[in-house]
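In what follows, chain A forms one complex with chain B and a second complex with chain C.
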Partner chain A sequence: MDLVAELESVLGSERVRAHPLDRRVFAKDAGVKTGPVAAIVFPETAEETASCVRIAAEAGIPVVPRGAGTGLAGGAVPVEPALLVVMTRMNRIFEVDEQGRTAWVGPGVINLELSKQLASTGLHFAPDPSSQQSCTIGGNVGTNAGGPHCLAEGTTVAHILAVELVTVDGEIVVVGAEYPDPIGLDLRAVIVGSEGTLGIVTRVLVKLTENPPAVGTLLLGFPTVDAAAATVSEIIASGLVPAALEMMDRPMVRAVENFVHAGYPTDAAAVLLAEVAGHPEGVRAEAEMIERIARSHGATSVRTAADDAERALLWKGRKSAFGAIAQSAPDYYLHDTVVPRTRLVEVLDAIYEIAARHGISLLNVFHAGDGNLHPLVSFDASRPGELDRVLAAADEMVRVSVEAGGTLSGEHGIGLEKRDLMGLVFSADDLDAQARLREAFDPTGRMNPGKVLPEGSRCFDRAAVSGGTGR
Partner chain B sequence: MTALREVTRRLLERLRPDDVPEAIGDAPVVAPSTADEAAEVLRHAAEEGLTVGFVGAGTRLGLGGPLEPDLWVSSSRMARVVDHQPADLTLTVEPGVTLGEIEELLGAHRQSAILPEGRPEETIGGVVAAGASGFRRLRYGPTRDRVLEVVLATGYGEVVRAGAPLVKNVTGYDLSRLVVGSLGSLGFVARICLKLWPEPPVHATVPVTDPAAALAATYRPLAVLETREGGFVYLGGTEAQVGAQAAALGAGVRVGLAWPDRPTGPVPVELRVPARALPEAVRTVRRLLPEAPFVAEHGVGVVHLAGPADADEEFRTLRRWAERAGGVVVRLGGYDVLSASEFPPWGAPPPWAGLQRRVVAAFDPAGVLAPGKLPGGLR
Partner chain C sequence: MSWVTDFAPERDDLDSCVTCGLCLPFCPTFRLTGDETASPRGRLAAILAVARGEQPVDERFDEMMSFCLQCRACEPPCPSMVPYGKIQERVRAELLVQRPSLRRFLRRLVLGRGLASPTMLRTAGIGVAVAQRLGLTRLVGGPTGRSLRALRRVSLPLRPTRGRSWEPRGTPVGTVALFSGCVMDVWFTPVHEALVDVLRVAGYRVVAPASQVCCGALAAHDGAAFDAVRMAAHNVRAFAEVDLVVVDAAGCGAHLRDYGHWVDGGAELAAKTVDATVLVARLLDDGALPELEGDRGEVAVQDPCHLRHAQRIVEEPRRVLRAAGYVPVEIDDLGLCCGAAGIYGLSYPDTSAELGRRKAAQVRDSGASVVASANPGCELQLRGHLDVGIEVRHPIELYRDALLDELTA
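And now, the complex of A and B:
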């Protein structure tokens, strides 16, 4: 039997696709790379997923797990003809334990949908990536996704208690537990963020977070980018961890204003969107403190959301940033470096300088509170030479971040896109240790190969490449 | 082989550091001063097939059962603070630094690493290897959520670094979190970077009669504990906030955090259950071990307790109850009064024991690190 017939015998014909058009649609995620797809399947249970993995093994092709395909690093893009296992049909919320504040959910549940479904319980799933209207919980687990509110709450890994995993051998195993500090090695912690290379997640036990009784949201305008960045550094240093602390520069603010009309100050060089959440008394004090620090750095405007509607509008401005760009430029290239929060001012200065030198148009919208930068270059790839200039500038931006003590990715992942930059932050021995871990899960190298680690990471094949330089 | 061990033993006697914890007795101990030295020791141990245990202050050695390795590696000569970035809320330390030293350093900056309370003598290396957390995990999450970077001397004798001293990072596999709670099975933790929290300006402790109800009624307390003395809610925040929250809970407010002592007694154990089962767990402990001191963490699902030496039957019943409730009972010590065969250190192995064995073999190919410590191990 051929591959498709074999898959259809398990899933039926409606849930197996191999038409050239389908193969093209699923050849890319939201990043810039494309890859070859052999067939696409939509399993609905862990057992079906395991069967697909075994059929792919018999056919000698790799498996690539995929959620909604909103990933930006090429994690769900195959490097050789592969079986794409799309988890979006596994979108049930199985059980919610309101008292214990946990829920078992399918990996295909949409991030925002989960919190919406929980609305009546007074609980929510804390990680809130800007893509939350479309990305899946399984994808969030795959990338250890972050979001504005991960500043105080931690990224996805802090909100995942256990996963059910289909291994490369087609075994189904639960990793992690409902009780605290599960005995044995914490393999859950490495499965989260493994970008589909350690197995396919078919069920997730998520931790739920209590909705705060009070929330304060401030939009602060600044005369210079440096003043905004310095405000961020001082807020963190002053002993306050806000619920969220996001920054946008003028080009970004203007793009967003044209798009959603949220009333952002378009004359400011940069704005900060700050949120404090918790007990009403604490919220009041913290909001005052943020306003005081902002004013001491010359804030030119301070707007406090008067009600939930205004708060939602201010957040809509932030969360539609990428949509706004997509509207104005044919292509965009986005980085995701992290730098120590004390170095924000100098790294931002350097990034603007790089953009100016290469003559490219740069916009900034990012998670300032945890030092997670998203320099975004909008361009038109159809113009000759433009992509090359963009990539050259992007490379320099990564390097200035790393030189300031930073790293390659804060939330989007390494995938295909940053794989070959891993040597900038890890030595050959560091990469070898990571490769050992991966090999323990997947000795055959068929689970989403070619992602995260550069070729030749395992020390016995290191001779083949130059290896990393370390830091 | 035995002759070689004898020679090694005699040579090691001479290298013995002065401050060897009592629990080790007179077994051979080496104390490397750098990660490279530790890796070298481990490389030799792997080559010679010598089994190795790791030790800090020696306060948590009972976790996973008693260990009698050929060689102990102590963190006592690696006890330096490497870097504190108060404005970035990170701290990098060597494994032998004690919790007391860390909290004293951070206290001066009104910051905290949220480490186990009331255990100043413990080392950070031991806390990380044991995966231990403090009571304030209800508010700030467990220790593993704050380990940003580790340097590890692996069982195959290389020094590797994982993670970065940054609060947000998805660059590569998160080996630093994997090390937390690994009980020495992957290697010697030679450096740790922790994420810090600012200390709230005001703290208070409020006695309550119904801790489960108090937990449900209070937004994000630091901890809600129950002991034989009663229930207590621990609050942190601005003066106005703590005042309002305390007033809503009742009378008898004490300023500051009055933590209970961890239960001591012949056989210390930890009962861990899903948070919703905690009230039932407390009732079960009261019924089975009516005299045993305990501290129960509401909203978390942990009961720390210490039972008498002759309570093996009750301990086994407690473990059966816990496993039915979706939890476990873990032993922390007391093997000299109640043997590991009468009441084993762990109950049923974790479902992922097969994967775990492969991961351990990748980091300890010779199978010499802390043999038998992890649950579900074959060695």
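And now, the complex of A and C:
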């Protein structure tokens, strides 16, 4: 029996696709790269997922899991013809423990949908990527996703208690437990961020966070990018931990304002969107403190959201930023580096300089509070040589960030996009250790191969061990 | 070979999608299937593949496109402002030519020719009225039967508005033209009559030009582009003399307001076209119509896609209902399509019915005994899936009833 017939015998013909047009549509995520897809399946249970993994093994093709396809680093884009396992139909919220503040959910549950469903309980799932209205919990686990509010709450890894995982040989295992400190090695942090290279997550036990009693949201306009960056550094140095602290430069503000009409100050060189949360008294005091710091750095406008509707509108502007870029060009390339917050000003200057030197159009929007930069390049990939220039500039921007003491990725994952830059932050020994950990889960190398770790991470040739020696 | 007609999707429109995926959760077919190929972004990728000549216009492409409801719920959340509805209409025009079939031919005949013919419409109106009286509607099965039974009782003789005019009550303030539409004018006459009543109280003379025809929305959505152009040109001439055109069907309103894509002079007609709820809300704000006292209870608000998504009209129907003494109740924060979507139920009866059942459940959960909907297709779909005991009315009708109560009191 061929691959498709075999898969159809388990899932039925509706949930198996292999038409060239389907394979084409599923060939990319929200990033810039495409890859070859052999077939697409939509399992609805862990058992079906396991069957798909086993069938792929018999056919000798790799397996790539995919959620909503909002990833920007190519994590769900195959590098060789693969079985694409789409998790969107596993979108049930199985049980919510309001007292214990946890919930078992399917990996296909949409991030924002989870918090919406929980609205009546006063709880929410804290990680809030900009794509939260579309992206799935499974994708959040895969990439260890962040988001504006991860400044105070931590990224996804801090909100996952356990995962159910289908391993490469089709076994279903649970990693982690309902209590915070499981005995033995804590493998949860190994699974979170592994981008499907260790197995496919089929159920997730998430930690839920109480909604804050009061929230204050400020939109601050600055005459220069440096003034905004200096404000961020001083807020952090003052010991304040805002719930979120986001920066956008003028080109970005203009693109966003054109879409949301939220009244962003389009004449400011940069704006900061700051949020403080907690008890009403504390919120008021912290908001005043942020305003004072901003004014001391020459803030030209200070606007405080009067109610939830205004707050939602201001956030809509921030969270639409990536999509709004198409107003200037049909393609975008989005970076995700992290730099020490004390060096924001100089790294930003260097990034603007790199863009100018390569003659590319740059917009900046990022999580200023934790130094997670998202320089956003808009370009037209159909123009000859343009993508190459963009990628060359990208490479330099990453190097500048790493040289300043930062790193490759804050939240989007490594995927395909930054895989070959891993050597900038890890030594050969580090990469070998990571590759060996991966082999412990997947000795065959068929779980989302070609992602995260660059070719040759393992210090000896894999072919040499295929006979079963060396481990 | 990619595209073959003059109505091919424009490359700039296709390129405006950056594939961010923010549209996905707003798409009803994606919500039902979790399938990228049933999402706006996936469909755009498929269209782009065809535009580049890398994929053929084959059966699978046809299926992917035809499964789209054309509800345009993906447009408001799109930060790149991709004109998805326009692109989809143009793809359908290509499909009509490149994927000919008997069903397509018959649909084109009905939507492109039949709806544009007053004689055909009158015949259909009388036919339904007779069938209703003889109980023949019970004999029709499937989604057509359900819609047929959900129709209001059609009056005999018919009372079409086309070619009629009404004088204002009290001091005249101006003239407004009524867009009569096709099925609206024979099967939903009471909605037009309610709107006319309200506008007359506000001091308007109302005219319904005799030479107007169907707006062509259903033809355009099904790819009958030449017919759509012809109907649009006809209406541009019919309404050339008036300054204000009011329309009480969301589907017609959305299409009229897109006339700029279709014909010369279309943008001018679009600019003077206004939805009935928007006009009445404006008259309420100006004090030309009264805020009515009294507590009429709760009304569930169903937002027709072509009002909420295509025209971004959300507040006005609620404003009108509050002025009528109702408390509007929200039923769906995403405003997912009810599954009516023009004639979608004929092609995809199961999907249409599933969306209809979900919408009906939301209405039931609201506890309201009335649901307001400003579009004829949605009205039929709601009534078809709701139990007796929950009334489906146009918001303007609810306001008119309250207004007449007050005036006669």
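Assume the second predicted complex is superposed on the first by the 459 of 471 C-alpha atoms of A that agree within 3 Å, B and C clash if a C-alpha of one lies under 4 Å from a C-alpha of the other, contacts with A are read in each partner's own complex, and residues count from 1 in each chain.
Heads up, the rule we're going with is that a contact is a pair of C-beta atoms (placed from the backbone, for glycine too) under 8 Å apart; a residue touches a chain by one contact, two chains touch by 3 or more.
This one's a predicted model, so the numbers in the text were calculated from it and none came from an experiment.
By the touch criterion defined above, A:414 reaches chain B but does not reach chain C. Shared-chain residue A:108: touches chain C; no touch with chain B.
Of the two partner chains, chain C is the only one touched by A:133; chain B is not.
Of the two partner chains placed around the shared chain by superposition, chain C is the only one that A:323 touches, whereas chain B remains out of contact. In the superposed model, A:91 lies in contact with chain C only, and not with chain B.
With both structures placed on the common chain, the touch criterion links A:122 to neither chain B nor chain C. Within the superposed three-chain arrangement, the count of touched residues of chain A is higher for B, of the candidates chain B and chain C.
Judged by the document's definition of touching, no chain A residue lies at the interface with chain B and also at the interface with chain C. Across the complex, chain B meets chain A through its residues 85-90, 110-111, 131, 133, 137, 141-142, 144-145, 152, 154, 158-162, 164-175, 177-178, 180-182, 185, 197-199, 219-220, 237-238, 240-241, 243-245, 272-277, 300-302, 326-328, 330, 346, 349-356, 358-363, 374-376. Interface residues of chain C facing chain A in the complex, by the touch rule stated above, are 15-25, 33-37, 41-42, 45-46, 49, 54-55, 58, 60-61, 64, 77-82, 333.
Chain A contributes residues 97, 99-102, 143-144, 146, 150, 154-155, 157-158, 167, 173-175, 177-187, 189-190, 192-194, 210, 212-213, 233, 236-237, 239-241, 278-282, 284-286, 338-342, 367, 370-372, 405-414, 418, 422, 425-427, 429-434, 436-441, 452-453 to its touches with chain B in the complex.
Of all residues in chain A, those touching chain C in their complex are 17, 19-22, 24-26, 28-30, 42, 68-70, 86, 88-89, 91, 108, 110, 112-113, 116, 131, 133-135, 256, 259, 320-327, 330-332.
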